[in-house]
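Below: one structure, written as structure tokens.
Letters are used for the chains, namely A, B and C, taken in the order the chains are written, and counting of residues starts over at 1 for each.
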């Protein structure tokens, strides 16, 4: 869990992913020599702050977004949201501007709901702030801000250790309207002919998806993946014997949305562990579901 | 009207279009030998569940979506919408899960508006349900669920009988946010250089568009097609002497939305008969408007 | 300011940009011989009503949308909006249908907010109407409808006079959901490899951005441009000594939205003067901010 903690502690809200990209590229350089197959690494200006790892002869691509939710400093002591963070007065926020490190407190106007901060000084316009990370574990759970989606990133990196054929893609901007999967999907389809995707992300504990009962396979959220593809995934999951749950929602979205709306015929399906306390500093995931998620990805990437 | 009835009876909500695709491919194989020109048929994995028919030297493409609205089974006895179906308690819904055929009744919670079903057993998660089809005719009207857009599909198939030059495209997912026209439009533009489109779909009877007074040419809905293209269509329609009406709306959308927002310079215009009881099991269209719609397409595909 | 006034007077709401395109092509033909560098001019059916000017070896593209907000005539005496115009009873609107020139008055139903018009006769369905232009100047300000974005177009044309390397792009449909930047961005990226953009448009005077204090550099609106790119722009602006302001918003959008969501890895940043009385017939901009905007573009196009 040290890797997961390091990922959760690294601020990288949508638009400011570069430090996490640098961390990942260094991690890949250090650890790839121990992986079963050496991937080609695609990164650099043509991919903005995204990374594509290509293993063997790929048939399927795993998309894990590296960005997180957060806040941007506006005027006076106002904040505006990056993505859809929960906002409770008293949440501790961290950041950095030209005057130095920032650790401030979130305020919420009781009447208007307007967001602000309390701090010893004014923070410069446009500075991004993120939740202060308090990483906690028990025997059965892990809790932190940004498990969504650092846990997806962690799963993708662990998957790399044994992956023989497939693409692992680290995308940006998922929490704030997207914007990188469109060009990643185009590049992948045109370069490798791959049009099968698994969206490696974290979902919600609900009345139908329970903590500790296995990774969720989403049959739909606000969008509906193609039924024939989802049925193949369900069959592989069933035959694997790995604990998993079926999710059906009418709202919510993921990198799947950009695949659905892109100009290539991608099939996609969201496969990810559920979390409690969504988009708060206290996101909570059961370790059994993390284990199920990693094993399910290992099987799916072999069988699809 | 036998063909139209067969099309209306075949369940194919967004994401589950495959059975209708199979029906169309078989229909085309059987009937194309009797058509004036033999089309090339483009289908298969590269096109998901869509079909492109290419006749002669095409200048214009007709887009008819094959999917319908419906419902997805969630948890307990909850339903979530596929697209925007009308929901009245008592509507009969049909479907199929691994336990067999389903014929159940829609429920709507009076307080919350939450959708559900009544049935002799629980239906499996993720099962799609559609309106039970009650196909009715009089001398002047036809009434059924899913005239939107099986009537557009019917018109496109009838158009094929005499079409010399043009593309007929059967798209998916129109009722639920789109997702196939982007890659269809890209393929067509790059392969044939075609960038003129007619959206072959069904619109609404309103205070300005009346049943029985001819097919509607939409001057705008939530989006605005390019005026110069729409003016050409209006001129051809006027000179043809075929009854038609001009529609102007501030809301609503169609496959034209994906053409407008794609990365090719498509011109598009919605041309379709108006219906009453939109998105209910009782959609109603006048036969005079169906006749006008087919004849207008025949002329437009010759003249554009 | 004669050029600016001519641009403001020319009706060209989204979908009906063709007359302004013709004006610009003629202006370019007349004036380009006096410019420092002769641009290649890309226009015609492949670009709909858009124009691309290519100077030297471009590294950065300037996007200025040529369309404006307005109204479409519906049924009876109803109007629906093109984009998001302000609507006050009494605004004078102009247009043209087959019966001749129109000058009518906007009405707003007090109860429902429904829009309509008063005129001596019925106006034909689908006719676009725009604000009547009352162009006014003082020593320090200019006031008119459609400074958003005829002032951006003016700035782009003035920029052409001295531009050595760069692309100047005149786009359409920005006020009504977009639809041309996607194919423009694709063409530019694939032809020139350019993926740096400046969005040359007009923003709002707010509590944080004041009239007369310089052109605004937007650090974000509803979307968030990539921080590393915006930081480069801020540095160049700072070192130039040209007056400018930093904007941070949680809402609003621009052509940047289509660049963000396209299938090429574009970086983009909104750089434009602020205006008061946004989307009314009385948009007001300080001349000092116009001057700052033009000079900032000149520097940015050299340094980026």
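Worth pointing out:
In the analysis below, a residue touches a chain if its C-beta (ideal position, glycine included) is under 8 Å from a C-beta of that chain, and two chains touch if they have at least 3 such contacts.
Every value quoted in this text rests on a predicted model; they were computed, and no experiment measured them.
Counting every residue number used by either copy at the chain A-chain B contact, under half are found in both chains. The copies chain B and chain C differ by a rotation of 120 degrees on their C-alpha atoms, rounded to the nearest 5.
One simple way to say how far apart two chains are is to compare their mean CA positions; for chain A and chain B this gives 36 Å. Multi-chain contact residues of chain C (touching two or more other chains): 262-263. Of all residues in chain B, those touching chain A in their complex are 14-16, 18, 45-49, 72-76, 80-82, 125-126, 128, 173, 176-180, 182-183, 185-186, 262-263. Against chain B, in their complex, chain A makes its touches with residues 195, 206-208, 219-220, 222-228, 230, 246, 248-250, 260-265, 267.
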